[in-house]
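Both complexes shown next keep chain A, but they swap its partner, so chain B is in the first and chain C is in the second.
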Partner chain A sequence: MLDSFVTATLYLADGVTLMYLMLGVLVGLLFGIIPGLGGATAIALLLPLTFGMEPEQAITLMGGIMGSSAIGGSVTAILLNAPGTAPNAATCFDGYPLTRQGKAGLAIGAAATASSLGGIVGVVVLVAILPMAKSLVLLFGPPAFFMLAVLGLVSLTISNNNMLRGLIAAALGLFIGFVGYDDMGGTLRFTAGIDYLWDGIKLVPALIGLFAIAEMIRLMVEGGAISKVDRNELGEVKGVGAGFKAVFKHPRTVLSGSFIGTLVGIVPGVGGTVASFLSYSFTVQSSRDSSQFGKGDIRGVIAPEAANNAKDGGSLIPTLAFGIPGSAEMALFLGVLVLHGMQPGPLLLIEREWSLLVLIIALLLATIASACVIAVATKYLIKITFIDSSILIPTVLSVALVGAYALEGSLGDVIMAAVFGVIGYVMIRLDYPRITLVIAIVLGGMMERNFIQSMLMFRSDWTGFFRDTTSLVIFMIIVMALALPVLGRIRRRVRNANA
Partner chain B sequence: MPTLNSLARPTVLISCFMLMLAITLLYLSQGFGRSSGMFPRFIGWVFVVLTAADVVVQLVAWYQRKLPASTETAITFKQLKSMGWLLGLVVALSIFGFLITIPAYIFTFLTWRAGHDKRRSALIAIGALAFVWVIFVWLLDYELYAGLLLNNLS
Partner chain C sequence: MKIKTALLSAVAGIALMSGAQADVDPSDTVSIVVPYGPGGGFDRAVRGFAPYFSEALGGANVITENIPGAGGQRGSTEVSRSEPDGLTLGIFNLPGFALPAILGEEVGYDLRELSWIGRLESDDYVLIVAADSDIQTLDDLIAVDDLIITSTGYGSTVLAALQITASELGLAEKDPIYLSGYGGTTDAIVGLIRGDGQVSMAPVSSVTPYLESGDVRALAMSGNQSLFEGVPTFAEAGYPGLTPLNLQRSIAGPPGIDDATLAQLRSAFMDVVQNEEYLEYARSIGMNMSPMNGADTAADISSSFEFYERFTTSLQNPN
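Coming up: the complex of A and B.
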């Protein structure tokens, strides 16, 4: 491990690699600041640019984006009451009242520092758990891996408002994954006689379409400036240093937020929004004096921001160890790994340990670098949200389609990206979660392989899944995960009826 | 009494469409061999059950007049126009290639749809083209598609 750590550190000390890291940080911050775009869109757009890079350079670039987009989102949450990404919504509760009191700098300084510290805690936990995960993963057989993938998809749908539509999106995603030539059975599936589809639906054009293009269609329909807030309402950013100090006056809030974020991140699909809201409500409930929360209590900024950035370290554990992404960003990151010939899972942990350490150190450096950039350049960065979206739309659409084409020089990929753009937009409008669809596409191959291997092991007797102890335990967790929200809803309805 | 027109709201229609899609995919899965069809058939049954449940939920919600606001989604002319702009870009790319289409598309979009002045639109269009050329052609050494027209001429 130490050898790998040294190799990774030396690799990152190289000027070109550092340049990629800083590029990732800047892009992540910009996309994080722009409400509605976020890190997933940034990764989708930059993915094609990584083709010519070394795998570790691509990992560094993506680490830069992942480590910074969450911090970027906090800036608009504090200054404009418009969270850049969904997990930053909890920061609005106290961040915006602080801005109204003329303490925007204090809130931004605190958010940036808490995010960095949260990111550091998340990474430390990741480093501590990965060696254990390595031995744990080796105990998993095909039935357990299949059940784990099902758990990943199910837990994603639970965090969604419409659980049924989440599950439908997952099933649709699996079918999209079936398209093409099946290596195991030697059959063409769902190609409709189109030669282009023999190789299956390519991940990169699909991701570009679902995230970058779909968001641009949404902006085109909604119109206007990206920020819906009046430019004159923008507060002055002063006293960032005081925010930095304020975080160290509340170490308990930072630590509790960071640990909640890391733990929530480990569970696939639950994501940053749950982490930050959970951390916020925990801080409110555990505080002796909670009267100022919602009116501009600095702890209300620290807690969600620490949790939001800490979850990245946690969510890398299922992504790297089991190949099960916990969020849209992680699904896209898996796409980057696969594109560069790395198959996530136990072998990756053993064979490419130093590459993973490059990612971990890059994440760490990105959180610190982005906090510094935010502290210095917030008042300039925030101006991007007042750009008219009509300038952004044709530019991003053009670059996205060039990126889709660049993958294999195929016009079919351009058409595929556009088709998925429309699908993505329809999904946004009709409340079908795109993230579940993407993760199902990513997991489809792995799920089918493990399902068939399991059925061969059990001689086509599906009850074998319940005779395998690990698989049975995961199945019971799936049943509980599906049943608990339904039971909670029934209980609430009964209580309301009685009242 | 519900009229056919009020029943035909996009959210219910989409649920019915998804159910039909699930049934079609399950039917197609029956034609694959044992190994290739095993998992699609399994997922196909799950898909049919889920989409059927969604149709029931949507119909019940509609009868109780409790459809959530987010699903009250009519397909507007604005949405179709937005998708038309995307379709236009893809068609133009396939005919004229990237290096001609990108500046022309951005310029047209900014002047015609967004109402920006021509000078500003031209500057943004040239800037975007320069960005694409520097990153993809100069730095990454990709050959961008020249379009059907130029390919046929050469």
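Coming up: the complex of A and C.
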């Protein structure tokens, strides 16, 4: 291991390799910043270009992209309330209110720092548990996946201020998740004879609509610029340094976010969106003073950002242990490996240890490098929020719609994004939580599939969920998550009665 | 003066070439449609093939076009409906793309009508159990009463292969549970290792890493020759009906490509698959090369269709 580590480090210390890394970082940041495009799109576009490269150069390039796209995505989430990539959706909650208060610099500084730290923790945890990777992956079977989806939905609803609206949004999301071809039942559901709907409603166009487009509709109605603080009053743009410091003032939030991110990352198919949301809601639940969340609490930026970069480390575990991709980006990354003659599977780590260490170190360097790039660029990026809506709206709309099209070159995706734009705006006006809808779309399919699989395995005996250890442990966490707020309320009432 | 001569000869050259019957010119762009996103087995096969094919076509531009959607049907339909000028081709798998038609679904293409250029890969299927399983032989498997089979979803080739195998082994009467719905072949293999079910099946290329790592054990495999020591073929184990079971990846164009163009494409294809440099590259990216010329591929497709049609009743959705 140490031997390979040295080889990998020396390989990366080469000028040409570092150039590939920086290229990856810049592309990743750019694709992250543009709503709709993300790390997965960047990898898909660059994949054919790696054809003539050395395998490790390709790996470095891809590591650069994977390590940086989420940081880029946080910028748009904070400045425009439109997450650049799906995992940044939770960053909007507090990042955008901070921007409106003229504290965008603070939020971006904190997001970049928290992302880097999360990335580092994720990689450290990855290296530490790599020897046990196989048994860890084998802990999660269909019953555990099902319980995990339930946990996600439960924490979604309890973290909403208005539980009824949260439940309605979640139900709508689950319903949307049903659309498309069901390969267990072998039937088409709610496709209305439209071929496009066979694949179901895809997350990215929905996300572009719900956030980027809906936000632009709102801005159009409100008029003016995003920042409600007068530019002249603000004077010098400051706060990046303060954001950096703010992260170190909340080490607990960083650590819990990183661990939640790594852990959720291990579970294939759940991905960063759920990781960052769980981290956010855990931070809200476990904070003594949670009154400022949603109004511009810096911890609300730190928690999801730490989680969504830590998840990269976690999602490498199933990939390295068994060749199962932990996320869409990882799936494409496996394609890069195959293209360069490496067969994903349990032997990959043994046969190509140093190549994979190149990836791990590249990921680490990429998170740090991209945070530095963002910190330097913040000064200029913040200017976006002072741009008048008559210029900003057409620009963001065209970029968002092109992003939706670029995904698969399908016009259906563009239409879907527009439809969700209207849905998103209606939700803003009626004050329904959009992220609840998004996560329900992510979890709905997984929950249903794993429920049916579990029931088949248990031969229709539902007590099986409590005989599977992992599933039982997650169930107990669900019970705790439900009981804690109630217990807190009782304790407060008792304290008030005593006072 | 020199320039004028050069121009004249170029014009004359172009006129000559367009007069000839070979319809794919070096100046043309041939796109090979991959009906899935970049990074998968199909994408890999085409991207590796394209530069050599370009060379064999005298330098025509050969590009890989990903048209994912509807489990591969969107891209395949698009190829089938394209202009039969030899400039749009696609990669198809069998039995994957034949299944919907065999199962009575409406599809926008008929594999038997396509203009087949040639076969690249052919992968036999391996019946596997977890390494620590009590099941040692096919007979042990047949003796199990409450069998759970891990598989990908309905419409996938792995599920079809499993259903055909179960039918031939006489397992179908025991009404095994098909734990279908895993996201991919790898997920189904890991489900097997975890103990979600007792048996599964996968193509040789997918299962080899797990056999080598010792996580799974093979009971038998399809094809005429076993690739793994101590593992019998189905024929050797007494089930010759399962020998034709395999997964093929072949290149084809829309129905009705004219004979001259088809002949040109087929010969370019054969040039590629006889090129040692290409074969070595293909092996290095893990392809299970088993080249076959266009005419044989077309004949093979028809006979495979008949093989799968025999099992139509066994191939209904188990869940």
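Here are a few things to note about the model shown:
Going forward, the second predicted complex is superposed on the first by the 273 of 499 C-alpha atoms of A that agree within 3 Å, B and C clash if a C-alpha of one lies under 4 Å from a C-alpha of the other, contacts with A are read in each partner's own complex, and residues count from 1 in each chain.
Simple rule for what comes next: contacts are C-beta pairs under 8 Å (C-beta built on N, C-alpha and C of every residue); 3 or more make two chains touch, one makes a residue touch a chain.
Bear in mind the structure is a predicted one, so any value in this text is a computation, not a measurement.
Once chain A of one complex is fitted onto chain A of the other, the partner contacts of A:G421 are limited to chain B, with no touch recorded for chain C. In the superposition on chain A, A:F282 makes contact with neither chain B nor chain C.
Of the two partner chains placed by the overlay, neither chain B nor chain C lies in contact with A:F458.
Contacts of A:G185 after superposition: both chain B and chain C are touched. In the superposition on chain A, A:L332 makes contact with chain C only, while chain B stays out of contact range.
When the shared chain is aligned, no partner comes close enough to touch A:F5: not chain B, not chain C. After overlaying the two complexes on the shared chain, residue contacts for A:F51 are found with chain B and with chain C alike. Overlap of the chain B and chain C interfaces on chain A comprises residues 51, 184-186, 409, 452. Listed in rising order, the residues of chain C touching chain A in the complex are 37-41, 43-44, 47-48, 64, 66-71, 73-74, 146, 148, 152-156, 177-181, 183-184, 186-187, 189-191, 193-197, 208-210, 212-213, 215, 284-286, 317, 319. On the side of chain A, the complex with chain B involves touching residues 49, 51-52, 164-165, 167-168, 171-172, 174-175, 178, 182, 184-187, 189-190, 213, 217, 220-221, 388, 390-391, 393-395, 397-399, 401-402, 405-406, 409, 411, 414-415, 418, 421-422, 425, 429-431, 447-448, 451-452, 455.
The part of chain A that touches chain C in the complex is made up of residues 43-44, 47-48, 51, 137-138, 141-142, 181, 183-186, 195-196, 198-199, 268-269, 322-324, 331-336, 338-341, 343-348, 408-410, 449, 452-453, 456-457, 459.
Listing the residues of chain B that touch chain A in their complex gives 10-11, 14, 18, 21-22, 25, 28, 32-40, 42-44, 46-47, 50-51, 53-54, 57, 68, 70-71, 73, 76, 78-79, 82-83, 85-87, 89-90, 93-94, 98, 101-102, 105-106, 109-110, 113-114, 116, 124, 128, 131-132, 135-136, 140-145.
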